[in-house]
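In this document, chain identifiers A, B, C and D correspond to the written order of the chains, with residue numbering beginning at 1 in each.
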Amino acid sequence: MNTAEGLGVEAVHVWRGERHVLKGVTLAIRPREALHVSGRNGSGKTTLLKVACGLLRPEQGHVTWLGRSISDVRSEYQHALAYASHEPALKADLTALENLRFMVGLKYRSNGAELIGCLERTGVARCADLPVRVLSAGQRRRVAMARVLGMRAPLWLLDEPFTNLDAGGSEIFAALIAEHVSGGGMAVVVAHHELVLPTAARRLELPG
Amino acid sequence: MGGYARFVWPCYAFVFGVLAWNLWAAARYQAEARKRALRSLAMSGDER
Amino acid sequence: MSATRAMILVVARELRLSFRRPDQLLQPLVFFLIVTTLFPLGLNLQLSLLKDMAPGVLWTAALLSSLLSLESLFKGDADDGTLEQLVLSGHSLTVIVIAKTAAHWLLSGAALVLASPLVAIALGIPVAAFGTMFASLVLGTMTLSWLGSIGAALTVGLKRGNVLLSLIVLPLAMPMLIFGAGATDRAISGMSPAGALYFLGSLCLFTCTLAPFAASAALRITLE
Amino acid sequence: MWTWFYRLASPPFVYRTAGTLTPWFMAAAAVAIGYGTIAGLLFAPPDYQQGDAFRIIYVHAPSAWLSLFAYTTLAVAGAIGLIWRIKMGHAVSAATAPIGASFTLAALLTGSLWGRPMWGTYWAWDPRLTSELILLFLYVGVMSLRAAFDDPGRGDRAAALLGIVGVVNVPIIHYSVVWWNSLHQGATVAKIGKPAMPGSMLWPLLAMFLGFMCFYGAVLCMRLRGEVLNRERQSAWVREAIQS
């Protein structure tokens, strides 16, 4: 598999204490590709995503970005990726817009209008000036997705993005992922249940 | 012991106690690790 | 995107967050006042003793109350997942740690220094010694914040991390307690506190050059 | 170039070598400690100042030395584990902590028993003993930090980092305590350990140092074998090693 164009995870092994969580997982993803990672609880989906982000160093194997090890191109790689963890990663005491402005602002100088545009696309623009603590779990998920949009990153790594979403929200997210991928982006989506990604997404089923 | 016996002897007793504890604890630690390794070998049957 | 701008952003966010929660900002200060009240009451009217003990009391109380706020240094961000985002922000983790610790010092250490005259007057520390007290407290609380960032980073993922945090940080903080209280003590008794202050200054410089690296390494370990 | 280094750190090699070394260390320790104890208690002349109380240093000084030596070992081994990702470094670090802590306790207790006749009190906040007490806190911190993690790998690395921070701090702590002590009392009355001892006093002391070091080596090897087994439970070589 050619991984010089995108993200490559090669024969990664991770142990969590006694447990051998990832047993030689290999995946590659290039522009215009989406990958749906599924598997039972405890099969290492989140761990795999953390390894792909560089948050977790695998005991064996390595992760490459554009053909180079991510530890060599750390800053460049981090600018190219938008990661949405299982938690929405929002500060409850800040407003939705402040949350976005800070996190996106760490990557590049953002402007408010563009960020509101991102909130608009996930359908939560009217929550922009509300503190996150008053938002529902689904609304928080949407704000987190707006942050992913705001990062302008070619590579999306999404951990269970559809949790807590209503039917409308799931449709919006699926459409956003499809749009991102068809526009030349890459997406790795972790979801334990069946989901309908409009694009022809490849599947990776983790055993265990 | 020139009047110091009540300080000297407890010192030696305590230090030899510490030496003995170290030996006992290390031997026990090793034996337990061995037992656990045997158990996990018996359980898994096969190595990684 | 420069590291300086990232630091300014992080510090601004920390300040904004804590001003949204003024009660949490005030709690360590109130704790500081309460602890210093305990000592005179415990000494049973032997207030002459208090004068000799004043620097020690002041410093122990300052140490304990800044320890109180240390736990939250990384914990809040780790619990809600923002710490992972910070790690992936494209900036060196050390830069983030420096910014967060500096903000923590502004909110705990600097606030303590501002509150210290109140306590000092109550403990009978002469006004002439205030200058030394301020200087030593500034350096001491800074050192503690840096040392504490290592401890907070090491215990961030643990369930009962706060007791462990004290267990880890307090022994390391003993030198600054010694020099800080020593400097204040010397200033009260009219001797030159310069020696102790120099020690304190070099301790502060030493920890603030090395601790951010240790703390960011610790965060990488505990975040995995 | 580094292959010898990694071979040295391979678990089966460590396991076997530790097993081979244990009896030798043990025998040497028994001989040296036996000689040191008998000669120190019976044949060494009493000190002209401290009388027979000085005999406590035959057990105190080696314990105190060992407490520092073990902490340094803990930090260095931890650093090796942390930097080169060598698991055996962490194994040595984990094995050494309880041993070092126990000798720190021994040094503290013998020191204060020695202090009672010398200073008239069990605890005079002598700088050395105070540093020793703080060292005990450092040991407790490292050990509890390691135990607090569910994932042994992270516990190892966190403890290693704390060990390194601690070892940098040990001299700072010691000198600050000495400075603090000089402020409160003049010259300390009497200190353990003097230069220019006569041979009949010195030889038992040297024998005790040697014996304690060998004892430490033996106990470390024993614990290390346990650590290696715990860490490598699932590897193939363990099966052969423990079933034979």
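What we mean here is this: contacts are C-beta pairs under 8 Å (C-beta built on N, C-alpha and C of every residue); 3 or more make two chains touch, one makes a residue touch a chain.
Every value quoted in this text rests on a predicted model; they were computed, and no experiment measured them.
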Quiz item: Relative to the centroid of every protein C-alpha atom displayed, which chain's own C-alpha centroid is closest?
Solution: C
Exercise. Count the C-beta pairs in contact for A-D and for C-D, then report the pair with the higher count.
Key: C-D
Quiz item: How far is the middle of chain A from the middle of chain D, if each middle is the mean of its Cα atoms, in Å?
Solution: 48
Exercise. Could you tell me the distance, in whole angstrom, between the mean C-alpha positions of chain C and chain D?
Key: 32
Exercise. Report the inter-chain centroid distance for chain B and chain C in whole angstrom, where each centroid is the mean of the CA atoms.
Key: 40
Exercise. Mind checking the centre-to-centre distance between chain A and chain C? Centres are C-alpha means, answer in whole Å.
Key: 37
Quiz item: Which chain C residues touch at least two other chains?
Solution: 224
Quiz item: What are the residue numbers in chain B that touch two or more other chains?
Solution: 48
Quiz item: Can you list the chain A residues in contact with two or more other chains?
Solution: none
Exercise. In the complex, go through chain C and note every residue touching chain D.
Key: 150, 154-155, 157-158, 160-161, 164, 167-168, 170-172, 174-175, 178-179, 182, 199, 203, 210, 214, 217-218, 221-222, 224
Quiz prompt | Residues of chain D touching chain C in the complex | solution = 134, 137-138, 140-141, 144-145, 148-149, 154, 157-158, 161-162, 164-166, 168-169, 172-173, 176-177, 179-180, 183
Quiz item: Can you list the chain D residues touching chain A in their complex?
Solution: 150-153, 233-234
Quiz prompt | In the complex, chain C residues that touch chain A | solution = 1, 6, 9-10, 13, 16-17, 20-21, 80-82, 84-92, 223-224
Exercise. Mind listing the chain D positions that touch chain B in their complex?
Key: 33, 37, 41, 46, 51-53, 55-56, 59-60, 63, 98-99, 102-103, 105-106, 109-110, 113-114, 116-117, 215, 219, 222-223, 225-227, 229-230, 233-236, 238-239, 242-243
